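Residue numbering begins at 1 within each chain, and the chains themselves are lettered A, B, C and D in the order written.
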Amino acid sequence: MAQNTMTPAELTKTLKVLKTAKEAKLTKVAVAGGSGYAGQELIRLLAQHPNVNLTAIGTNSHDGDKFSDINPGFAGMVDNICTDLNIEALAEGNDLIFLALPHGSAARLLSSSVLQKSKVIDLSGDFRLKNAAKHLLANGKPFDAAYGLPELNRHDIAHASLVANPGCYATAAILSLAPLVKAGLIVENSVIIDGKSGVSGAGRAPSLHIQFAECNETMAAYQLPHHRHTPEIEQTLSAYAADDVITTFAAHLVPMNRGILLTSYATMKTTVSKEEVTEAYLNSYKNEPFVRLWHNRGSMPETRWVKGSNFCDIGFALDQRSNRIVTVAAIDNLIKGAAGQAIQNMNIILGIDETTGIAQIPSFL
Amino acid sequence: MAQNTMTPAELTKTLKVLKTAKEAKLTKVAVAGGSGYAGQELIRLLAQHPNVNLTAIGTNSHDGDKFSDINPGFAGMVDNICTDLNIEALAEGNDLIFLALPHGSAARLLSSSVLQKSKVIDLSGDFRLKNAAKHLLANGKPFDAAYGLPELNRHDIAHASLVANPGCYATAAILSLAPLVKAGLIVENSVIIDGKSGVSGAGRAPSLHIQFAECNETMAAYQLPHHRHTPEIEQTLSAYAADDVITTFAAHLVPMNRGILLTSYATMKTTVSKEEVTEAYLNSYKNEPFVRLWHNRGSMPETRWVKGSNFCDIGFALDQRSNRIVTVAAIDNLIKGAAGQAIQNMNIILGIDETTGIAQIPSFL
Amino acid sequence: MAQNTMTPAELTKTLKVLKTAKEAKLTKVAVAGGSGYAGQELIRLLAQHPNVNLTAIGTNSHDGDKFSDINPGFAGMVDNICTDLNIEALAEGNDLIFLALPHGSAARLLSSSVLQKSKVIDLSGDFRLKNAAKHLLANGKPFDAAYGLPELNRHDIAHASLVANPGCYATAAILSLAPLVKAGLIVENSVIIDGKSGVSGAGRAPSLHIQFAECNETMAAYQLPHHRHTPEIEQTLSAYAADDVITTFAAHLVPMNRGILLTSYATMKTTVSKEEVTEAYLNSYKNEPFVRLWHNRGSMPETRWVKGSNFCDIGFALDQRSNRIVTVAAIDNLIKGAAGQAIQNMNIILGIDETTGIAQIPSFL
Amino acid sequence: MAQNTMTPAELTKTLKVLKTAKEAKLTKVAVAGGSGYAGQELIRLLAQHPNVNLTAIGTNSHDGDKFSDINPGFAGMVDNICTDLNIEALAEGNDLIFLALPHGSAARLLSSSVLQKSKVIDLSGDFRLKNAAKHLLANGKPFDAAYGLPELNRHDIAHASLVANPGCYATAAILSLAPLVKAGLIVENSVIIDGKSGVSGAGRAPSLHIQFAECNETMAAYQLPHHRHTPEIEQTLSAYAADDVITTFAAHLVPMNRGILLTSYATMKTTVSKEEVTEAYLNSYKNEPFVRLWHNRGSMPETRWVKGSNFCDIGFALDQRSNRIVTVAAIDNLIKGAAGQAIQNMNIILGIDETTGIAQIPSFL
């Protein structure tokens, strides 16, 4: 068809336009902290993100090393030379920087000077709590950290200069419970959260309790009865509730690399039907690209169905005898629970399709 | 010292007496169902039990096979030739038989004729529920199955001709919750049980969902909101409570061979101290050889600390904000949750030291 | 810059041209056999391949089912309705079909009529051996199956109507040994191959020996002293050797989902230096996108460094005392050992960049 | 029967004699180094050994701690208070001491003064090599360490004051190859050993490479082409050979807690039959309580069949085409490869039944 052909001159010009446009569009980003698991996942995903130019990897102890020498899986794919951990310098040369540092480091290193130069997405717990953030001043001004859970807070994220990426357990807990709280279905102080995590959730710093033979073939409960993500969960859910949401939260370590399965229990305010609960979830998530509801399946979410992906799968069951609801949420703790969600936040800030670079199909094994 | 020596003639006579006495004392036992995991564990433990002569292994499909040809780990240790699954014949020649058969088989195969010939310990769920047992008649008489949880029911077990060995989850749930119910500390209908089991708990019959690559590196919730052990738990706990105990029970599959970790949540009737709870547990278990309390440790029970042993380790934490208690129980599902407890019941029936043959130190890895 | 802008009319026309061109370019493909692990990986990778339209998934037992109902991880991503296993019909409507069927099925189902309608890439062992292929006639003509190892056989693959995708062990063995054979460095009948595979290599059909508790926490050797991939390896290597290559090959099952680590041993014809061996490998692979050499590292390949990717990593060590070379190759058995390599073959047939759709960075955990 | 009864007076006397005899017979032993995996296994087995009184556990960093506080699995079973690591003091109060210390420590700490006070069984590599031992003088006299592989060296062990307990890989390698060397069946310099070990073999000192997420779901080769056990294997086998035995030995790490599977390859001197090989093995092992031959089975040894036991299972296959033999040996690296064998050596020294305290049936999962 005539209108769908181009002359050679037209084609040459077109390709030139497209190439220039693409280069101009690439966002320059840096990752501070590339040696932990979340940092490595960030780098893996960013290196293949079509809108991003990963310019720098700042590390504590690998200044001058080739990233793929430290992590041989990246050979030929991410051969960047690591720099030291100079946040100011990273901010200077980039549009956006990710902080994938141990808890406490970001609060110590971040300044308003950095935030004036570059957008910042922080994967630590340092800026997640409102009260905590208020105490962190730079030049007399508090940081305006947006809580980086896109499904609840997309608008704030889009305009924030600092995003506090949620905790992994908190992501699964809030996504599975918020629709019930919003719809006024559950008794606020009846929430019990039983979280189970793969061992990568415990970080990468060598420690006896996460050595192979210490945590293979065993299960353990830890931080009872209040995991450190508890305040983050309660703060976020309470914003949608009539009363303060109070939770009991037991975390468990399970012998596998990746994945969080989170089972929550709550008392219903009144007797409700499966349909009413389904409607509450659909109201929240029917247009969400990364939340999948299991109300039409005969089974419950499993971590393998989300492995390597940015999905959060949510199922529920009603216990008529006790008038309770049981919810089950599954995420990949390193993707939707960390690096993937951080990139989702970046996509929102950049104003591009929110799924760009993080639409991988789960790898199931 | 003169009084502590013997003449050669005295010694010869003594040794002959001891050998005869020992042979006379050996209880003849059989295992019906030696191909499942619980059956194999029974055989492993019985073969090394000092008071037992394991005379027969009855199987469905291995009649005439050497047991150690089917399970090469037993080579040179248990080389018995398997027989077919004739319960009458097994009862005929033995003092006590263990039934380690799929659920439903025992109820179908057992008769009062069998029970007249031999004591029976059944590891299935067929006789655990009082109502269920009432319906199982043989010659017009209901079987008088004793519920085989020694810590609660030692007296009945000692005199029973049929013992219903508890379910694995039920063992962990009842042992960790009964002292709280007995002491009137928890609200009866507030109990939430979150159980996590290794894959051997799902049995040995080939099935897609328990293949290695289907359950390795993943977690799944199943039988929500009422695992089939729920009635067994509620029936047993309710016997000690003012009101009926009603529980919500979610079971989970975890990628490891052995072990159950069971986290329970309940609302306290009044505000109680750590000391009061500790006292409730000590009242129940201070003389129990197989229950270990963790009230003096800074951590919670883990399945590795009970692996390969008949122990049930129990810890707890109080959540002051919600006035809840969280308990954590760990057992080896195949030992205290099946074969070990069955032998504990046998020891009670035989009137010998309850720990005989099942006092192994946990193997920790 | 003036030349790099377009008028709105130009832009509209350009976008229309590009969209039409893209649709015209999409290759229509089908997968026959979507329920096994290799089939699922194929579908996962094809669904995200930019040049492919996955039109059909043919199965034995899921005709009419939504693919994502059987495999919930694909929900929202691959919601195709499965068809039955009619190879003729699949060939009719597609440019290329992949056969991911149990060994023996492809040879039974494939006809020259199918091959006239569509290109075929077969992932089974049915057409890998030359002698075997000769016996498979359709209308009196043998199938001309090209051996689908791109690094050795790119030209034949490009023009074949039937490609026999190599075995997983064979891929690792041939890629690590062929350069040594080609360079005449190793004694032909001295090759010993010790292969170790994750459990997904044993397929997905339920069977006792691949149940979780049967292969977790244990290692086993099988098919000694000649795994069924042996003839495939010997046939391929012998084509480059002065004498017939004869190997001893022991395969082992290791408790992990994915990955093959293959250690080979061979006697050197003469004393050679590390540099000479390196040169032999570089001669073969310096321009290969999916082979990574480890001669400059202080360690050996590990399966985690290739997990989820199409890479084959190869390392070696020289044993001066015995004048032997030890090589270590790592692949993901489901990607470079199956689905990824099949897509690499498809890319060659389509004449597009060989890495299209299979350039994932390894996921390392 | 009259002759088999005793009067009450006879019985009282007899029981008193037996009790006194038993107490007199108990050997006092100590373990130096109770925090590593081998040390913990030693303590677990010794605590249940009928002829032993475990009087002391010497540690580097837990002086004054209750052993069961450090390792809660031992609660109620081994509640000894740990002492510091004073070898002299341990030797003073005991008949026999086990050294389960890091490599290098025993050679540094041991003196002839210690050896005059107590028998010593050392689990490290310090005294395994003859040349190494010669250099270790105390008061001008070399230690006369016996190589503690009972199946080859029972006589020397019985009379030694110092026993060098073999390495785990070396135990599996020597037991599977020595009969072939002794019978003159294999070419001395043709031996290739491919060893695969569970992660407990890498010790317990925290290190990045043995953290859970670093070695779960992956396999790695290490110490190529000569694992540090190579000289130990060659020294021992060469003693039975016409020529020096030279081996190539590649070790591999596999994601499981316990177990070594060792596959070896050697060229036969002449063509031999399966029967001749079987005879060579039977000549060596037909009366050995801890070696099980698999010549009559259709499969090969697996580590699960020896798990938790002191067995070494050995199988073989003949490769007629290359005139090679492939042998497969399986041991539990912590039992027959460390603690169990150490106790076997102790039993020999004590002159009691060699299987005492280490006759556990494998636990298979």
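The definition used in the following text is that contacts are C-beta pairs under 8 Å (C-beta built on N, C-alpha and C of every residue); 3 or more make two chains touch, one makes a residue touch a chain.
Just so it is clear, the model here is predicted, and its values are computed rather than measured.
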Average the CA atoms of each chain to get its centre, and name the chain whose centre is farthest from that of chain D. A
By the contact definition above, name the pair with the higher C-beta contact count: A-D or C-D. C-D
Could you please state the distance in Å, as a whole number, between where the Cα atoms of chain A are centred and where those of chain D are centred? 48
How big is the gap, in whole Å, between where the Cα atoms of chain C centre and where those of chain D centre? 43
For chain C, residues contacting two or more additional chains: 37, 198, 200, 213-214, 216-217, 255-258, 299, 301-302, 304, 307, 365
State the interface residues of chain A toward chain D in the complex, per the touch definition above. 37, 198-200, 204, 206-208, 210-217, 255-257
Touching residues of chain D toward chain C in the complex: what are they? 189, 192, 194, 196, 198, 213-214, 216-222, 224-226, 246-248, 250, 252, 254-259, 261, 263, 265, 299-304, 307, 315, 317-319, 321-322, 324, 326, 328, 330, 365
Chain A contact footprint on chain C (complex, rising order): 3-6, 10, 13-14, 16-17, 20, 37, 40, 44, 47-48, 69, 71-78, 200, 217, 257-258, 292, 294, 297, 299, 301-302, 304-309, 313, 359-365
